[in-house]
Structure formats: structure tokens, C-alpha cells
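Pasting the structures in now, so scroll down.
Same chain, two partners: chain A is paired with chain B first, then with chain C.
Now for the complex of A and B:
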């Protein structure tokens, strides 16, 4: 009974998280219509507290820019970077994992050593180094986070592929005369992918955090508002204007939590089906 | 424009401060002053590196020949008692203070001045290389006299103005015959100052102790000074509030926090004491970019900037609009009679249209890269503001932010910028660090100089003539012409001038006792009970 309750609670949490995430996505996508204020333009007195002026419900920052507009623009940056980096990381990771797992032998060995070489460097430090070398632009931030995130899906897929290689339906496909690349793409890959989906969700969460941390350290694209950068800017006036750091901090925490919960929900949802398959 | 807030901020605090000081006159001996430091320069020798980050610590240990002072004549003797230039500008007589000893017990003599002048200031020091470039020899007829000989006329006024920042004296004995830049005493400082260098724990603190053998006995009043290394600005404000540190100079506390701190009992915000090191916020322009080589475009950029907004919002009132390259404080050279560019976006757009840069279908006239210097909160914020101000007149600026070393290389060596936000310092004479921003023909890599690709014969001529003008009145006239030319051609756009603020516990006395107090020797500073 307790496990059923737990599952129920988890499902509820995942559902709520999914709703929250959808809300964030919608807000980020429709920011220009929902709240048509230029997030970069000084529009009112500086350091207006939240709820003081209905025209600027969340107040303004040090330069008199609307905080709500900046939060929405920051959501865009966060989600753009996170989805971009995750897509790149998953594509590269799956390709390398599939190749290593399917080829086996020396190729597998050397590719896995490469993966390990990336994994022994903490992901955040790797991203930090890459961004400081190649400059703080949106594309480099995306690529740096992707470079730090691809080894995990690669290992996962490789393990799945190695296991599936010996599965009966794969042997059957081989016997039926399919060549290896075909078997790998048509038979093995679709069956190796399900565990990657929840992992991708976790990667998104990690990417949002890495982007936030990079921005906090001043290593984000200065032409785009970013939650991490907003927290860092607000830190200087933490005592006199705490909302400048608190609000983007809360947005960041809520998004990461929501993505994580959705990821967990996906894992739960996908696990039984795999067991049945 | 003087807003009411600015007026209050600029007058009330120093007045209160003065009043308090008048009532507690007799200095008390003892106590260790704990102050915040936010940088740890690798080379801490002020004879080699003339920068405020170095002076902040080193000026207490190693003294210059003279220090700036309020009122006339603006200088106060330190290691030199008097200085006098010859009529032809080819020599300058220095009478040195007798009976002064370095912290290692040896005597300070004219031989030390001669060595420092020729080997350190002239050859290696960032500012000395400019001011002492024609220094040929230093004669030392007796231990208390040094005569500087110049190969070309050098204004005595310039040398006198340069004494506070450029003439720190270290013992010749410890430097002669070594590579000065690799000398261990660039970290373990030895000088004549009121405090001796004890130790530096990287990332933690610098510790100085009282020099009992100081020439100006019974000063110094303090038993020692500890510089706590606190790189986080929020932490500095908290340390001041809790009384962990007594003082933070150079606006180490965020401006937005200043107003809150000023209201707390036991803490004072002091605006005085930085007039001698006035900074400017400027827009640096790369004239290699063809649009920016057109003076109409540069004027348009100047018209697009709302200086009042910059003063009110970015500096929270603690700054003044700049009218030219020389700050108002220096009445000897300043002139307000120069072309001005008031905030007028319409005029800016008209100038751009006139220059043939019309708005495209997307409303953009042209795009450029804008590099705000990363070292001050205000330079970064100015970058964000300028991006918006330019957007309003149809110029699309892309912000590029680098670390300090990367920024310096991009702007002053590689010229890889279109616009940059810079913060040049005015150091008591236009010839020390100001004309270098306008003269042409400098090799790439000279930081904080004209790396803008701008060359104007009339300007070069004025700078050259002024550098050789011995007569102070003639110099002043030439530098007024310099300001006019600078604002007419507008190779860089001065935006505002600003100094810093000191936040101190109210028991610290004699704060801001001279116009470059934070980088002076603090011999007269004391702690009330």
C-alpha cells in the first residue's frame, strides 16, 4: 500500500511539475505578447520594490529596468541554453554510445576511455574553462555545456546496446540477413532509447544550473538577461533590495525542481513498460 | 544639474564629519587599523608600478618626495623639502629631508633618489616613462641635494605635479645590480614611511607595523595597519557593519548600499579625499571603423547619452557630468569653454542621417561591438546603458565582456573593439596620464593611451608644445586649447567624472586629510577610544 501511495504522490508531483514547466515555457515563448516591455531599457525609477507600482509589479533593478520583463527574458535564455545543450549532448552521446556498443572491441575500448577522460573533469569546470577561452556568447555557452554533458548519455546508451546485442531479437535480425549498421539503427537503437529520455530531462536540469552558475560568474552572453547574472547583479544590493536576487533565484530553483520531477515521473512511467517488453 | 539628493549627499556628510573632528583634537596613540583590500597586486613597489591598487598598501611603507595637500600650493613636503626648476627647464633642484632612515636602518640620501629616478621611474614605471623621458642625469653634490638634468626643456610645474604619484623612493642598496622587476623587495617592501611591512598572507591579509624611527615623530599614531583581503563587496559592507573592519576605501561597498550604511550609527560615508585621483567614465572609439571615423557619428553618440541619467542612476548622484578631458577640480587647467553635446537623441539622429547612415528596414543604421571595461560596477552598467542609448538612435551595439586582462589586450593591443567604456584617471597634471589619450604615434600595447587609431596634427602640435612650455601661464593656455580640440574632434567621449567614497567607522580620525588620502601615508590617522 505504501508503495502505491508513494507512486501516487510522485505522479501528482510530476503532474504539477509538468504544469509548472509548461507555464514557464509558455511565459518564455510568449513574453513579447504577455508583457511587452523591453527587458533592457530603463523604464522607471531604479530599485522600485515589488508591488509598489502596478506598471512594474515585480519592481525594477539598479538601472530602472522592469524585473518581470527581465525574468521572462531570463527564462527564455535559460530554457534556450538548456534545451540546446541537452539536444546536442544527447545526439552526440547517443551516437557515440551506439557506435561503441555496436562495434565493440578496440573501438569500444578507446571511445569509452575518451568518455572517461571527459567524465573525470567536473562538468562545471569544463564548461567554465571552455567559455572563458572561447568567449561568453550564447553559442559557446551552449556548446560548453553540451561538451560537459554528453558522456553520461553515451555511457548509458553503450551499456544498453552492449546488453541488447545479445538479445534474441537482435540475433534473429542478424540471422535474417540484416547488416550491422541496419541492426544497430533499426533494432537496437529504438530499444536503447527509453532510459535516455529521463536522463535527458535530468541533463536539462543540470544545464539550467550550469548556465546559471556561469552567468553568476559573469560568463554568460551579456546581450541577454540571464537568471544567474541577475542573481549576481542583485548580490551587491542584497540587503537594501533583496528581491533582485531572490526572484530570479526562486525562478531558477522552481524550474530546476520542475524539470527534475518531470524527469523522475518519466522514468517511473517508462520503467514498467520496459519491464513488460 | 545638481539634484537635491546630490546636494545633500555631497555637503551634509563631510560637514558632519568635520564638526565631529573639531571636537576631538588631541590624537591618541595606539590601536591597529583594520581596513578592507580587494586586490593583491603582484608587484607592490610604487617606484615601479604607479597605480592606486599598489599605492593603497605601499604608500604607507614607501614615500614619495611630496604629497598633495588641500589649498595652496597644493603640495606638502615628504622626502623632499623643496623643489625648484631652472629658467630654461633643463634642471630641477631637489632639497631632500636630512636624517631620514629606511626601515633597514640605512640612511636615505640623494644617491637613492638618483638611482630611483634614472633606473626605476624613468625606465620601468608606467607613468614615469612618460614624464621623465628626457631625464638625462641626476647630480648629487651632497647627500641632501639632487639635481635632475633634462635633455630637453621639461616644465618644473609638471615635475612638481608628478611628485605625489611618481616619485616613491626605495633604497638603492637593495635594488642596484639586480633585475628591478624581479627583486624580492617588490613584495617585501622597504621604505621610509610611517609603517613597516611585516607580512603578506595571500588571500588573507597584509600586515604593517608602526615605524618607531619615523622622521615625523611622534607620528604615526597607529600601532599598525591590517589590510584584510575581502574580494566580495557584500562581505565588505557586512564586515563594516559588524565592526570587523574600520574602513573601506575606493567605494569598495556598492553605491546602492552606501545610503543604507550612511544612516547606521557609528558609520560615516566620506566623499572627500579623492580629488587628486579623479576618474572619468569615457566612451572609447576605434577610428579604424569607417563609420566612427566621421566626427558627425561621434557627435551623434555624444548627443545620445543622457549624462544626467548616468549620474543619477548609475552613480546614484556621486558623480558629475564631464565637460572635457580635464576635471573641474583642477582649476589651474580646467575650462568650461568647449563645445558641448547635450542629450538630444533627435539631433543625434539628424547627424547620423547627414553622415549618410540611414536606418535600414529593420530600423538599424549599423551594428558594432561594445566592450565595457570589467573593472568597475559602473563601467559595466554604463555598457548596458549605452547599448540602450545607441539602440534609440538606430545603432545596434553588441556587448562583449572580457576579464580585465583580456579587455586590456583587446582594446589597447589588438584594437579588437568598435566602442569601449573606459575609466581614465586624471593625475594632477594633464601631461601625466591625460594627453596620452589623445596623442598619435604610440605603439600598440601601451595601456590607457590613444590606441584608437586617431591622429590629428593640430592636437599633436598642442601636446608637443605644451610638453616643452616652461611658463605655467603658457602651459595653462595650451591645455585650454587642448580641451577645446578634444571636444571639437571628440576622439573619445567624456561622460562623467567621479571620485570614490570612503566608508569608515566614526572612531577613525583624520580620514580624507588630503586630496589623495586613500593612497597617502596615513601617518596622521588615529583611532579614538
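Now for the complex of A and C:
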């Protein structure tokens, strides 16, 4: 009874988080129509507090730029970087994990040592190093975060594949005449993917945080407003105008929390079906 | 007996890290169209032998000749050509059918890879296979877990039959099924044999299945073939300890032990 209740509550939390996330995505995508104010142009007096002027409900920053417009533009950057980096990381991770697990032997061993070499360095430091070497452009940030995030899905998929390759249906597929690449793609991969889905959600959350931290250090694309950069800019006036750091901070926290909840919900939803299959 | 399809000579298999071989010194032949049964207690090495025959496992010693050709040298395309003629049906169809693939796709695999049926003809060929064993062709759109146990085993057998093999190795094909369905599967195998002239090597521990579906019997114990002969003769007068134990078990009697008034002739410890 209590576990069912707990499950229901979790499902509700995941559902609410999904709604919030959809709302953020929609707002980020439709910012130009929803709030058609240039996020980079001074439009009013500087340091206008929230709710003081109906034309600028969240106030303005030190240069008189509209905070709501900047938050929406920042959402765009954060979500774009996070989904881009996660997509790249999962694609590379799944491909390498599948190859290593299916090939086995020396190929497996050397690929896993490569994965470990990446995992030794904390993800954020690796991304930091890559961005400082290759420059603070949006694509570099995406690739740097992807480079820091691919080892986890690679290990997960490799472990699943190594387990599945001994499965009877894999042997049966061999007897039915399938070549190894066909067995890997048709029989093994679909069964190795379910645990990757919740992990991808967690990767998105981590990527948002890394992007925020890079931006906070001034290492994200300076031409694009970003939540991390906004928090850093607000730091100088933290006492007199705390909302400049607080609001993007809250947006960042809420997004990461929502993505995590969705990820947990997905893990929960996928687990029983895996047991049944 | 007709010319041998399969000749096994002094076959052994010892997995890496294991001191005792699972299969040792096994030799037998199967002729075209023959009905052979392989019996033995659990752990005797029957399933391992089946996997060795279709080269899912590499033998540590000995030879497997298919129509006179040594199987162990075959790779890739040549091995696929032999697999088209030498097929294996696994014990548990639920485990042997990919859980996330539809029945139609599972049956299309051997049609494409082994029987070389062109893509355009495959859906019709799949439907034809399903009809052959009395299954609704609409089942092609289902997943294995959506079928009943008997339907699943028929699909698994069809997957092996798709390339019209000359020898079908069946690893306990009915032991996971209800009694009522067992008879139907065995009848189905008989019909296939009659239509295609397929030889069968039926692995089982159920002697009633042996009587119904085999003419010659191989008895395996601890990795070795301990007795061989016509089914009727072997079962009427079993010589090997393992065969006697199986016959006794089939009659619902306790395994034979040496009578108290007789000196035990077998110096080996009786592990049964």
C-alpha cells in the first residue's frame, strides 16, 4: 500500500516536472513571440526591481536590459547546449559501448581503458580544459560537455551488451544465419537501450549545470545570454539587487530538478517492463 | 543405414577455466532422414553437445564432419551454408526468440540469411511458414511474449525449418510445454519429417518422447556416450547404469541400486 502510494506520488512528481519542462522548452522556443523584447538592448532604467514596472515585470539589469527577455534567452542557451551535448554524448557512448561489448576481447579492453581515461578527469574540469583550449563558442561548449559525458552511457551499454551477448536469443540469431553486426543492431541494441533513457535525462541535468558553471566563469559563448553568465553578472550587485542572481539561479535549479525527476520517472516506468520481457 | 549426414569423431569440450571436460570422447553418426534421440540426466552434457554440433561452441578436440566436410574449418559464408542444412531448436522458446522483435522479423531472418528468399517474397514466405504449422499468419505482427507456450515453440521450430534443413537438432523441444501441447508439437515434427525427409536428433530426458519420436537412441552420462542402439532394444534391456536409471525413473521406480546380496560391480561412486 505504502509503496504503491509512493509510486503514485513519484509518478505525479515526474508528471509535474515534465509539464514544467515542457513549459520551459516552449517559452525558450517561442521567446520571440511571447516576449518580443531584445534581450541584449538597454530598454529601460538600470537595476529596475521586479514588479516595479509592468513593462518589465522582472526588472532590468545593470545595463537596463530586460531580465525576463534575458531569462528566456538564457533558457534557450542552456537547453540547447544541454540537449545537444547529451545527444552527442549518448550517440557516441552507445556506439562505443555496443561495439566494445559485442566485439569483446582486446577491442573491448582497450576501449574500456579509453573510457576510464576520460572518467578519471572530473567532467567539469575536462569541459573547462577543452573550452579554454578551443575557445568559448557555443559549439565548443557543446562538444566539451559531450566529451565529458559520453563515458557513462558507454559503460552502461557495454555492461548490458556483455550480458546480452550470452543470451540464448543471441545464439539463436547466430544459428539463424545473422552476422555479428546484424545480431548487435537487431537483437542486442534494442534490449540494451532502456536503461540508457533515464541516464540520458540525468546527463541533460548535469550538462545544464556544467554549462551554467562554465558561463559563470565566463567561458561560455559571450554573445549569448546564459543563466550561468547572468548569475555571474549579478554577483557584483548581489546586496543591492539580489534578484539579478536569484532569478536565473532559481530557473537553473528548477530545470535541473525537473529533468532529474523526469529521469527518475522514466527509470521507474521502464524497470517493470524490462523485468517482464 | 543411408550415407551419414553427420559424423562426430572423438569430440571433446572443456570450457576455459574448468578442469573437467563437459563433453569427452563423443562419437556417433546420423544418416539422412534418421530419427535419433539423445537422452541423459541433467548435466550430462546434452545441450553442450547440441551447441557444439551447430558450432555455437568451439570443440577442444575431435572432429565434426558434415556431409564429409570438417565443420571446424568453416567460417562466414561457408558456415552459413552448413547452418542452412543443420539447424538447432532451443529448449526455451521464450529465451530463444528476441524479446523486442516481432514474429515476422524473427522468421524472416533465416529466410533472408540462410534460404536467400528475396525481400519481396519474404512476407508471403513467413505467412506460408506460419500456416504450415497451423498458426494464424496475423501472428507475424506479434511479439514472442504475446504468444502461448505452444505457439512460441512452433515459431521457434519454424525458424529452424525456414531454410529446409537436412538435420534438425532439437534440444528438449517439449519439456517446457504442457502435456496436451507436447503431443501436437511431436506430431508436427513427424509431419515435417514426412514432408521434408528431415533427419532429427532429439535431445530429451523423457523416454515416452523417445519411443514416439526416435528409432535409434544415444545415452549420455558425464559427457560421454555410454550406450547406443535401436530404441526398443536399448529400453528393453538397458546395459549402462545411466540408461537403467532413466528407464527406472520413467516407470516411477527408485533408481536401481546394487542388491544387498550382490557385490557392487561398479567401482565408481554412484552419484545418482
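Here is the rule we use: the second predicted complex is superposed on the first by the 277 of 277 C-alpha atoms of A that agree within 3 Å, B and C clash if a C-alpha of one lies under 4 Å from a C-alpha of the other, contacts with A are read in each partner's own complex, and residues count from 1 in each chain.
As a convention for this text, a residue touches a chain if its C-beta (ideal position, glycine included) is under 8 Å from a C-beta of that chain, and two chains touch if they have at least 3 such contacts.
Predicted, not measured: the structure shown is a model, and the values here were computed from it.
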item: Clash-or-fit label for the pair chain B, chain C on chain A; value: fit
item: First, second, both or neither for A:235, with chain B first and chain C second; value: first
item: Which of chain B and chain C A:47 touches, first, second, both or neither; value: first
item: Which superposed partner A:191 touches (first chain B, second chain C, both, neither); value: second
item: Partner chain(s) touched by A:63 [first = chain B, second = chain C, both, neither]; value: first
item: Touching partner for A:173 - first (chain B), second (chain C), both, neither; value: second
item: Angle, in degrees and to the nearest 10, that opens at chain A between the C-alpha centres of chain B and chain C; value: 150
item: Partner chain in contact with A:181 - chain B first, chain C second, else both or neither; value: neither
item: Which of chain B and chain C A:132 touches, first, second, both or neither; value: first
item: First (chain B), second (chain C), both or neither touched by A:222; value: first
item: Overlay on chain A, chain C to chain B nearest C-alpha distance, Å; value: 50
item: Overlap of chain C and chain B interfaces on chain A (superposed complexes); value: none
item: Chain A-touching residues of chain C, taken from the complex the two chains share; value: 51, 54, 56, 80, 83-84, 87-88, 90, 92, 95-101, 105-106, 109-110, 112-114, 145, 156, 159-160, 162-163
item: Interface residues, chain A side, partner chain C - complex; value: 167-169, 171-179, 182, 186-187, 190-191, 276-277
item: Residues of chain A defined as touching chain B within the complex; value: 40-42, 46-47, 62-64, 132, 135-136, 218, 222-223, 235-241
item: For the chain B and chain A complex, residues of the former touching the latter; value: 233-234, 237, 254, 256-257, 259-260, 309, 313-314, 374, 377, 381, 383-385, 387-388, 391, 398-403
